[in-house]
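Alright, structures below, take your time with them.
What follows is chain A paired twice: with chain B in the first complex and chain C in the second.
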Partner chain A sequence: MLPRQRPPGRPRPPSGRLAAYWALLGAQARSQAAYRTSFVVDLVGNVGATVLDVITVLVIFGVTRELGGFTFRETLLMVGLSACAFAIADLLVGNVERLPRYVRTGLFDAVLLRPLGALPQLLLMDLPLRKLSRAVFGLAVLVVAVGSAGIDWTPGRVALVLIAPLAGVVFFGSVFVATATVSFYWTESGELANSITYGGKDFTSYPVTVFDGWFRAAFAYGMGFAFVSYQPALALLGRADPLGLPAWAGWAAPAVALVAAALAATAWRVGVRHYRSTGS
Partner chain B sequence: MAWLRKEGNGVGSVTATVAPPTASNVILWFRTFGAIAGSGFRRYATYRQAAVAGAVTNTVFGFLRCYLLLAVAGAAGSVAGYDRAQLATFVWAGQGLLAVILFWGWTDLADRIRTGEVASDLLRPVHPVTSYLATDLGRAGWAGVSRLLPPVLVGPLFFDVHLPARWQTVPLFVASVLLAVVLSFGCRYLVNATAYWLEDVRGPQILWTLASGAFAGLYFPLPFLPDALYLALQFGTPFPSLLQIPLDVLVERDSTATQVGLVAVQAGWTVAALALCRLVQRRAERRLVVQGG
Partner chain C sequence: MSVIEARYLRKEFTVRVKAGRLRRVKRTVAAVDGVDLLVERGEMLGYIGPNGAGKSTTLKMLTGVLTPTSGEVRVCGLRPVPERTRLALRIGVVFGQRSQLWWDLPLRDSFDLLRHVYRVPADAHAARLRRCRDLLDLDGFLDTPVRQLSLGQRMRGELTAALLHGPEVLFLDEPTIGLDVVSKQAVRGFLGELGRVGDTTLVLTTHDLADIERLCRRLVVIDHGRVVHDGTIAALHDRYGSRRLVVADLDAALPEPPELPGAPLRGVEADGHRLVFALESTGAAEVVAALAGLATLRDISIVEPDIEEVVARLYGRGEGPLVDASGAAP
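And now, the complex of A and B:
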């Protein structure tokens, strides 16, 4: 019996793989910076959407003193956590929402053929540097909100204010990936994913007490959006949850985010395995 | 237009848009318009799965916005002249109308200008503004079936909504929505037409997307703003005429006389937008010839 040969397409060593990802990223950065005016316009346009979200909150508090039992400063803390987490997740992973187009046009076949991970490739193939502006603005809103919320600082809360946005990024990133996998089964799913991703962003911008019934149960606890901004904000403010969850619920954010990431990874693997080329 | 010249078929000196027939036949014009609208309806009706996905998304956002505005009304039960039922109608009808009036995602004209395919639109015996408008009305008709009905039917299952109490409101609302569709088309046409001058229309598109969402009353009812600002927006910009006014007419926030006045404001903006479309198109055609020559 002949000694077994290594298959020719053996995985590259890790350093080579990193270099390949780095090359993809560099190509993206160069191609986007080439059209300077368009790039600046995109930077401005992207920050505009989040600016409008914040203006909406300001306008709402122009006609009411409290929203769902929370003051403007308390709500702004939730807006900051939500906007910051969403914007950074959108910058890093939001591109996966282009998956339906890749599946429809057959480009996903090419992605699968390359000796690199499919998901990292998809994210790096068009890393939207234009979304940087939104991430910076989201972070600024969070900083202002934390500064003005009158938080009674303890070492625990200092840790939480750092961990909660990171957990939010992981959570929203998982939501982006998980909802995109729908297009493996339903190519024409169009904007359906938006109802969870952008819907989740809207949901987390306001106190959960604003919502009601099964809708609140599904979004807040079924999908876990309460742990992005509402529960951490309560823990930071030292307020008891009017809906009855214990005080440590704010600290559950990282755990919820990890569960979400695990579920999203599973959904992605199952989806890729299920993927059949459109054959075009 | 350079390719026309290269063919050597002698059309180089002809104005881009074919001159309208001198003996105008109104019946023929309506039949042409109807046929183009019908084909627009059929074209969009082929995307059924996308319509289902879109209707589900509108419904989810209906819940989000409805709960939010009801929380704003709070214990007092009313805010900025809307009671709870009026707010619910405002949100759910607004989510339904969003795809009918269509704010975003229409780049047909800009794409055709960039690729040069617009040249074949200019050779047709129908003015491009007219033919694109007919197609858009067909699209809006299909959206009225597939996108307007689901949220409008789901909303009342979960929330108390305000139904029109005066019969005059119904025809006024229908007229208001029609005007909003035509006005929205006019605005989108103008945004797309910047492609005649700009290589990349993303700038105007982004400005339009942000302004239409904020100032049309999608994020919050505009009466939440200070009165002076709202009046300035209403009379100084076309945006409230796109969504806020049809919804205010529907929820009967004002007397019948005021409703008529609001629809008249819309009509003014619509006429102005269409006239501007034709003007811009004429200027653009001159430029196109210069550019291609």
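And now, the complex of A and C:
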């Protein structure tokens, strides 16, 4: 009855797929425009969290001159790297936090029934454009921090200041995805995911030297959060690591991010295979 | 080659069962327990079973949503989970209780989005949409946001959405659930048309057996994860001895109930004014002719066997597979 148009099973050109993702993004923008006022309110409200991060550091330096052996300007560089990377990752990937709801309500079924990757769909279908404001503000904090840190510029450091935030975005994005996959096994997993993503983010706003013991070992090196802001900031500032890691550790950020991305991708793929769907 | 091939398809879930106050014991439950299914191109298959029998789980394994625990599956020659996105281009799925549409956008926008998602050429898309608009009467609500549609309108939208890319197989999970009579008719009429004209293969799960009777020649009944019947609806009636009935209203009661060859008397009602015969090995015409020779007939009616009753008897006895090879569709 309905005419069919093509020999089945022939792979499509990738451009078709990109156009499909682009169309999904457009639909998302239009859906959000349906709630214009709340969109503007969210846009403003979302800057709040990052403003608070900066204020916290200001307050701390109101009572002390050094934090874990670092000056205000040095610490602000870490805050900037962390805030910028997190805000952009949160804009692009943070949405995966909604996975538990998708799994619980069975909406994930609909995602799997479409001829597109499940993860990109999930991210695009609900892309929180209201978080755009926070990403822009995070970037602004980074620019100010870099400008005021008194960095002795070399070509390598110029490259690093561009690469480190990107590596941070990939790293935080991987953390978002990896923690969200837990909900494939355990539907009520939201709190656990939050404690790692937001806990990790707060961790990267301060010099690692502030923390101690197993907590530092686990978050900084076990999970790799030291490579988001602390190690790159040391390399940019040309400071030796008080904790003894060599100078090139700051340059390891992209490698750490790629490892994190590979682990997250694997966790996602295994998770989807374990998806149980719900009800009928 | 069959469009759908499933061999010893099995899906296990682990559930935690309370054992004592705090202890929980892991138990493995097979939701689908060794289902074999071959469906040919253009077939319309009814896939039914009581709640929790494994219908939806089977469908989800056939469409790439769930990974089978064991067994072989091919749909359109593809392995559903590893080749999920390629398969998705060639099948359409309607889950009565899930939506494929964009909640906040007008129906028209959802259709346009799906054109991009499925990479359908504009002219083919337009032709299919025009056809669905006519057959499903969509024009009145094409510009309404999906969240404001009635269930019947939304279901017509879902059907269209599932067909715009010209799928070879259409999977329908409870497409008439919760619909009013008129919408049900519309959906059934549309699916019937689809089955008659095209070579689209249709797999339908439902609790409404009227859907099956209207649409499907072949019926697969599943219970406790196993196939307990696979064949035509007639074969099912044969197996469980359900017969068409001839109900005869007489002007005056006969002194004693008549005996007709091949049509045993099933009941005497209204003080002998109404006789009910089961058509076992004879036709309705012979019964009526024989009765007319015995008494004055006021009214005659023929009652089709009640499929619900047969199926109800079938449910709950799923001790093992009882595939009826003789009744299987070609």
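One rule holds in what follows: the second predicted complex is superposed on the first by the 266 of 280 C-alpha atoms of A that agree within 3 Å, B and C clash if a C-alpha of one lies under 4 Å from a C-alpha of the other, contacts with A are read in each partner's own complex, and residues count from 1 in each chain.
One rule holds for everything that comes next: a contact is a pair of C-beta atoms (placed from the backbone, for glycine too) under 8 Å apart; a residue touches a chain by one contact, two chains touch by 3 or more.
Please read these numbers as outputs of a predicted model, since none were measured by experiment.
Once the two complexes are laid over each other on the shared chain, residue contacts for A:107 go to chain C alone; chain B is not touched. By the touch criterion stated above, A:222 is placed in contact with neither chain B nor chain C.
With both structures placed on the common chain, the touch criterion links A:194 to chain B but leaves chain C unconnected. When the two structures are aligned on the shared chain, A:276 is found in touch with chain C, with no touch to chain B. By the touch criterion stated above, A:31 is placed in contact with chain C alone, chain B being left untouched.
By the touch criterion defined above, A:59 lies against chain B but remains apart from chain C after alignment on the C-alpha atoms of chain A. Judged by the touch definition given at the top, the superposed model places A:117 against chain C, while chain B stays out of reach. In the superposition on chain A, A:45 contacts chain B only, with no contact to chain C. Across the interface of their complex, chain B is touched by residues 35, 37-38, 41-42, 44-45, 48-49, 52, 55-56, 59-60, 62-64, 66-68, 186, 188-192, 194-196, 199, 202-203, 206, 209-213, 215-216 of chain A.
Across the interface of their complex, chain C is touched by residues 1-5, 8-9, 11-12, 16-17, 19-20, 22-24, 27, 30-31, 34, 106-107, 109-110, 112-117, 273-277, 279-280 of chain A. Of all residues in chain C, only 13, 51, 55-57, 60, 63-67, 76-78, 81, 84-86, 88-90, 93, 95, 97-100, 102-105, 109, 112-113, 116-121, 124, 127-128, 131-132, 145, 163, 166, 168, 173-174, 193-194, 197-198, 200 touch chain A in the complex they form. Touching chain A in their complex are the following residues of chain B: 47, 49-50, 53-54, 56-57, 60-61, 63-64, 67-68, 71-72, 74, 79-80, 158, 200, 202-203, 206-207, 209-210, 213-214, 219-220, 224-226.
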